[in-house]
Amino acid sequence: MTSIGTGYDLSNSIFSPDGRNFQVEYAMKAVENGGTSIGIRCKDGVVLAVEKIITSKLLKPGANKRIATVDRHLGVVSSGMLPDGRHFVDRARDEARSWRDNFKTPITTADLASRMGNYLQAHTLYQSVRPFGITAIVGGFDAQEESPVDGEVGNGPSCGAGGKNPDKKYGGPFLYMIEPSGLYWGYYGAATGKGRQAAKAELEKLDLTGEGITLEEAVKEAARIIYVAHDDSKDKEFELEMSWISGKDGPTKGLHQEVPKALREEAERLAKKSLDDSDDEEEEKKDGDKMEE
Amino acid sequence: MFRNNYDNDSVTFSPQGRIFQVEYAAEAVKQGSVVVGIASKTHAVLVAIKRNAEELSSYQKKLFQIDEHVGIAIAGLTSDARVLSNFMKQQCLGHRLTYSRNMPVRSLVDMIGSKAQINTQHYGKRPYGVGLLVAGVDDSGPHLFEFQPSGMTEEMVAFAIGARSQMARTYLERNLDKFKTSSREELIEHGLRALKESLVQDRELTVENTSIGVVGYVKGDKEGGEEKKKKVEPFQVFDGQDVQRYLELVADDKKDDKDGSGPQPATVADEGEQMEVDAY
Amino acid sequence: MDHRPQAWGRPRDDVYGAYDGSYLNNSGPRTVTQSPVVTGTSVIAIKFKDGIVMAADNLASYGSLARFTDVKRLRTFLGTTVIGFGGDVSDMQFLDRHLEELAVDESYEAEPTIDEDDQEAKKASQLNAGNIYRYLQKLMYQRRNSFDPLWNHILVAGFDSASKPLLGSVDLRGTSFTSPSLATGFGAALAQPIMRKYAATEEDAAKLTREQAVGVIKECMKVLFYRDARSLDRYSIAIVTKDGIELKEDEQLEKQSWAFAERIKGYGTQTV
């Protein structure tokens, strides 16, 4: 059944006779036109990456960041309508801040995903607003060790907080993806945007659920996947932006940070190399070295 | 006749995931006269063509100072621009008062971006019908941003918006590599040349219709042998006789275009009066 | 006798008089903090040629009771600025959380927007001590004008926009000034004269070495330990330079003791 012409798709929060909300489905169309974003949850951290299509030569290279920090340990990347992505980030920062105000401790990744899921869902309920034209990937590393309460000035009790099970593991890396409908799931590897199908296929090949891969491997895989998902017949050049989050003892010390330039360039070099190699296998006569920076 | 049902408000997605009202607002920007902005390592400049509604009326201002370190160029609905401009002025002043520093240009631009985005998501609101080029300096150097009615804000090396701005953008793309190291004067010259590309045939830049805005760093004075902080050259708009000497720089018609793309044919009527644009 | 159900279980008016509900009426003036409760004493700081040294003891007093002895009153901001708090400890915690929010805001912008290799510019675009100093001035003055002051006297140390060492003070009234040496609370009377001997002017301070400055501060902490009754020999000391902050939070004044006091007539609980 087509949605067009029925009248059920003309405003938000309207069900069609077969129980669909077309405006939400159309919002997802906006997502499908955006540059590919992916997230990888690995053993010791989370990696976020995005393919930034260069729409104009006049854009300042490297200046327009698409991955945002929400709290020190939380990062967000989204595909779809960029201004909606900014709105999402603004709201996420407000949520993280109000959580800190209330509980004097950083928000966990799961709680942030829940809050933001609710927020997006609320935008499907009313005719007075439209759904978000983005799918967002939220990555975070929740502290595994006992950390001080915000504003704590003394040494606190010499023993840890009560009610904790010593055998239970607390915190760790987490990854969620939130859709325009407000639906969200936790993921080991998440992909959205134009190249999501190819990216998903590549993510499924990684061993993320079992033994897991290391953060550094994940950075390299993320770069490779963005290169694989990029369709250079359709789109012009793109910039790769990547960020990562490790635990306290890892390279980012529990913070969400941009992947250092040297590592990113190394990952890009390997990504291009592996693309060239696979091209060679497919068409052995041609050397595909068209790839430039 | 086929009627597009998806373009009545800014809270309805089309089946392709587009929001027509926002796209129409972007058209209003194209109705405004052209403005060009370029940033180098030390300066950011804005240049603009001013229009007058009629022969005997004055010209509509295109460049506005926001704060000591920021200025904007507008294309589209002037009254919408005024709302944004007032907001930006307040933010800059508030920031200066509480932190005693220049507001970072990026945060300023993000704020109007967020403000504009809200207008594209709520029923009963309409998107702003104006595009801006924001030029400014802060502690991390000179910046140039483009602002669109959709709430999209992007940092550019150089850019042009408004009527027939594509020609100016082509010029900017051709000379892109030169801007970074350009001096203040060279930057203005490039801006005016880009502007000229967008002119309708047999119109030219005059002291009446040209505006130039400059902001940047001046070489800091050395104190005690130690390299001192760079000093800000406040955003300043040049109009009338003040632009004369710059116009002379580009008055020579021996163009320095290497690829010799001659003046483009002018077919578009520049003074399309469908909407009250850039008039007061 | 009143047998209505609404009077069940209530003290009888004829025996105890009518219930005095006056405390429920908010007709009087609204009152806010009238005095600090748990307090920290002096914070002292002095400039030297490469930066600033600041110190404060680790005591939080409840009136004259030495209530908490491990309280850290020197807080850092973005690894570039030290903020020392005298006065009410809960207001200090409020401010500390508030500054934490500001610091989180800064992490949003931790993206270098200009040449990627230009780390200097990135650092320059973050809030420095000058900005924080101004911010605290505005905050404290605004709170005092709403008659709900934050009961603190604050010292800020770091570098301003011109990369010069900055040492400033803000109090609960929003009064603020900078000086080559500063002290809050009793320190203003007891330590400031000592510090001024070494750094009366900016020029004098610019001649002091780091070791000399630390020496002066330690000397002052010693004097405060003996002359300020709400002080402790455990203290925190921070040294701010262009390279960052060295913060030690569990220092001990060496070989200092109040044991001699027992032999002083009239001191403590002596009966003879």
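Details
We just call them A, B and C in the order they show up, numbering each chain from 1.
One rule holds in what follows: contacts are C-beta pairs under 8 Å (C-beta built on N, C-alpha and C of every residue); 3 or more make two chains touch, one makes a residue touch a chain.
None of these values were measured; they are calculated from a predicted model.
Chain centres were defined as the mean of their Cα atoms; on that basis the chain farthest from chain A turns out to be C.
In terms of Cα centroid distance from the overall Cα mean, chain A ranks first.
Averaging Cα coordinates per chain places chain A and chain B 33 Å apart. One simple way to say how far apart two chains are is to compare their mean CA positions; for chain B and chain C this gives 47 Å. Chain A and chain C have Cα centroids lying 41 Å from one another.
Shown for chain A are the residues that touch two or more other chains, namely 63.
Annotation for chain C: residues 113-114 touch two or more other chains. Multi-chain contact residues of chain B (touching two or more other chains) are listed as 155.
Those residues of chain C whose C-beta lies close enough to touch chain B in the complex are 109, 112-114, 118, 121-122, 124-125, 127, 130-131, 134-135, 138, 161-163. Per the touch definition, chain A reaches chain B in the complex via residues 3-4, 9-12, 22-23, 26-33, 56-60, 63-64, 81-84, 86-87, 90, 123, 127-131, 133.
Taken in their complex, chain B has these residues touching chain A: 5-6, 10-19, 39, 110, 113-114, 116-118, 120-124, 144, 150-152, 154-159, 169, 172-173, 176. Remark: chain A residues 62-63, 65, 68-69, 71-72, 93, 96-97, 100-101, 104, 150-155, 255-258, 261 touch chain C in the complex. Across the interface of their complex, chain A is touched by residues 60, 68, 70-73, 89, 92-94, 96-97, 100-101, 104, 107-108, 110-111, 113-114, 116-117 of chain C.
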